[in-house]
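Just below sit the structures, each encoded as structure tokens.
Common to both upcoming complexes is subunit A, partnered first by subunit B, then by subunit C.
This part shows the complex of A and B:
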């Protein structure tokens, strides 16, 4: 009798046997994500020497390690901002229907699937001293000497733009087509010019989508690893934090330090995401009236 | 999904300077993209290519040498095994979970949602290093099992996110009617939901397939010598440059791109990228 009553009471609060369907998924996430993360955090507090915070102290007192944070942010923030900022006007112009839109979006999906390794290989060939890009600029007469664009900051930056821009563009295009076009037409009826319509109607409605897009693009750019090694200068100007973490864990076999760097990396990344999402929560977050 | 059917404003016939600027930017991006991909393709079929616009001669020998030198058959088989296992497991685990998350409200639902979102929001290296450490500790890493387990971490949440809108589209009264007729939960899943969810499951599996084949970081951290996927083998052959001919590395890169493109074309038959994103955005409530 009481067992049935308990089951009823639980069911009223939304707990019944159907929730068992959630268990395999939760178990996987707990075993493969939460537990390793907790294990890594625990490991980062148990360095071979230097006490509880030894690994963190080692990271923050060594300028070669500490500067990787600035290097990573110096690459990923400008790349994410450029990707989002360039996507907005282009997507704004393309939000209507026109011939070849599907083809264009298909072409733009290609770089996302190429992945960073192939992009790196392509950039080495294309932007290298004897590559087509320099060859073209010299043939036109803009340059006398090939400009160095690979194995430095710019190579990595371009690879982030090539993989990140289509991603940001497709997201923003879908957010823009979710905004009800009648709102803008109403504004046009009241005599608003295109800048006023964009500034006062579209941009405020788009702002939450912009924040989300920025976060996702930033996460992509922040975790740059293969291209920083292949087209970058992994010992110098593009020694990003993921390289530092990888070196510590897999080349120096200092797992506590590797875990500590991974934790620092996660904290920095979540901090930027939290700031952007915090700014977003100050803005309008309601229905945008279009498809949903 | 309704498309915006009317144009927002009458467009002038002659394009404005702003339009030229926008289309110019797109064209510039696409030309450079074509250059990046094209130079890899051309190099992979070129005989010698040093200081000229195009190689001196054409050959397919690099593909043959890449095939034997890198043991590409094994690599492709491993890639296929990993991808199929990851897709299968993540669909089996993810679809029921996403059903509960889409249909039910229960205490702690937001926490569960956050748990499923976090692996997508974190850079793979961040959780990959502790994960690989744990997998090495239990002896999974360095084998196929470790690679599959590591790739499940972002794939299961991804299936859940992709499936939620598909599940929300199914009318709950249909399940209630089936239940009235005496169907059990298992029967409802097998007879009602599964057939209706086939398009969604296909879309999710293809997207997970594309992601898994392209996933570098997690596979790189957990793979051993005989469990490398194509992208990791490509990375190793590139970072050991000088030992191999550049062209055979490029041939391998072309094979990788081609397989990704085939997957992509198949995927786009089932999924419209812009609509997918528009559906996904509604979920983190």
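This part shows the complex of A and C:
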């Protein structure tokens, strides 16, 4: 009698045998994410010399290392902002139904499937000093000598835009289709022109989605590694923080320093994401009336 | 107030993928009139409204406001107010800013915006909810915000797209009275779309019955109720009995018909001659159970408060619907009669 009652009381709080279904997933998360993560944090506090915070002190006192934060932010913030900003008008234009929408979406999304290495090779071939882009500009007489667009900041920036844009575009398109189209029609009957409709109705309802999209594309761009090496200037202007971590861990074999840099990387990302989500919480985040 | 004397729809046609959603609607709306577009779903009534609002371009035809051509203007330049079926309130703006939105779009001075918004809030009795977001209001309150938002601009025409269909039965009756009261006080010309004949009859000065994108009849509620022009309008106006019969004799406008196990006298709608196949339309409330008349067998009896709705079957096996005061039992034989003036005979 009491056993049955106990089981019912537990079930009421959501504790029943279905909870066992969580076990495989939980085990994977613990073994493959939580443990290595905690191990890395632990490692970062055990440098060969300099005490508990030795590795962090080493990173922050060395300007060559410390500046990688600014370098990475200098690449990833503008890239994320551009990806979001460029996606909004395109997705806005494409929010309705029209012929060829699927084809156009596919074309815009294809870069996701290419991978950074292929993108980098393409960029080198196309934008490089002997690439089509420069050859064309010189052939029509706009340039006397090739403009350098690879193996520097711009190479990495283009690569981040090419790979990050499809993510931003797809996310924003789905946020936009979640906004009830009759809201804009209502605004139109109330005398609002297209810009007013966009600014007063669509944009405020889209803003929380833009914040989320920005966070995701920013995190994606912040951990840039292959393109910074392949189309960048990995010893100088595009020495991003992940390169610093890689060098420390796999070239200097200083695992504590490598772990410390990885932790710093995570903290910087969390900081930016927290700021953006904090601003997002000031916005209206309720229902947008659409199909969601 | 930017009024007009007359708004004229001239052969307004709208196609979707090669099919006519609206096939040539011509209608003249006079200032201050309350027009209801009535019809089953898919009849083109919402298409007509969206064409009027400018939310759908016309495939053919034109819309004229007095001497000005309207159908080439975008919705924001027509100056019509619209109430949407799902209200379409801006979810991120409080009630007050929803209502003042249109006034702000017109760049009116701040004092005037405030005064007119307050007035509209008072009109729909939502003063104490002015600061709430639409999501915090009940369905009826949201409906009132939507109406206030449309009428605050004193538009030359108010368009309403099934505004009551998302409300429960009791609230729907209340809001219906409210809409009629608003129309009486403000005198705003209104075009109202509905599939509910009762709603249309009680609200409108004139009704337009649509079917498959075509106008079936235009008239006052009384004309439509008493003299539906054809069987489709009759069906829609509550002539639940539409019995297939044959004309036996014609005396002027009175015809004698038989078939379906009944013989009836009725009024001919259109020219008929003996031998024609016809449909005899009778409202359930005009078919009386009595001592004399045609015998029918009771099948289903529904209690409806003041009276009973009865479905019975004639000797020919055709179902007829009638009202009764005393409760017959299923299986009983009863006799039914109908007054000839209340029977309409349509060519089929």
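Points worth noting:
We take it that the second predicted complex is superposed on the first by the 286 of 292 C-alpha atoms of A that agree within 3 Å, B and C clash if a C-alpha of one lies under 4 Å from a C-alpha of the other, contacts with A are read in each partner's own complex, and residues count from 1 in each chain.
One rule holds for everything that comes next: a residue touches a chain if its C-beta (ideal position, glycine included) is under 8 Å from a C-beta of that chain, and two chains touch if they have at least 3 such contacts.
It should be emphasised that the depicted structure is a prediction, and the values quoted were computed from it without experimental measurement.
With subunit A as the common reference, subunit B sits beside subunit C without any clash. Once both structures are fitted onto chain A, a short way to say it is that subunit B and subunit C open up an angle of 80° at subunit A, using Cα centres and rounding to the nearest 10. In the superposed model, A:201 makes contact with subunit C only, not with subunit B. Of the two partner chains, neither subunit B nor subunit C is touched by A:228. More residues of subunit A lie in touch with B than with the remaining chain of the pair subunit B and subunit C. By the document's definition of touching, neither partner reaches A:260: not subunit B, not subunit C.
When the shared chain is aligned, subunit C comes close enough to touch A:193, but subunit B does not. Of the two partner chains placed around the shared chain by superposition, subunit B and subunit C are both touched by A:185.
Overlay on chain A (Cα): least separation between subunit B and subunit C is 6 Å.
Residue overlap on subunit A between its contacts with subunit B in one complex and with subunit C in the other: 185, 188.
Of all the residues in subunit C, the ones that touch subunit A in their complex are 53-55, 74-82, 84, 86, 88-92, 101-102, 105-106, 133, 135, 149-150, 153, 159. Put simply, subunit A touches subunit B in their complex at residues 13-15, 17-19, 21-22, 24-26, 28-30, 32-37, 39-41, 43, 86, 89-90, 93, 95-97, 102, 104-107, 109-111, 113-123, 125-126, 130-133, 135, 162, 165, 170-171, 173-175, 177-178, 181, 184-185, 188, 194, 209, 212, 215, 219, 222-223, 225-226, 229-230, 242, 245-246, 249-250, 255, 258-259, 262-263, 265-266, 269-270, 273, 290-292. Against subunit C, the residues of subunit A that register as touching in their complex are 180, 182-183, 185-193, 196, 200-201, 204-205, 284, 286-289.
The touching residues of subunit B, counted against subunit A in their complex, run 1-9, 18-19, 21-22, 25-26, 29-30, 32-33, 35-40, 43, 50-51, 53, 92-94, 96-101, 104-107, 112, 115-116, 118-119, 121-127, 129-135, 149-150, 152-153, 156-157, 160, 185, 210, 214, 216-217, 220-221, 231, 234-235, 238-239, 249-250, 253, 256-257, 260-261, 263-264, 268, 272-275, 277-278, 281-282.
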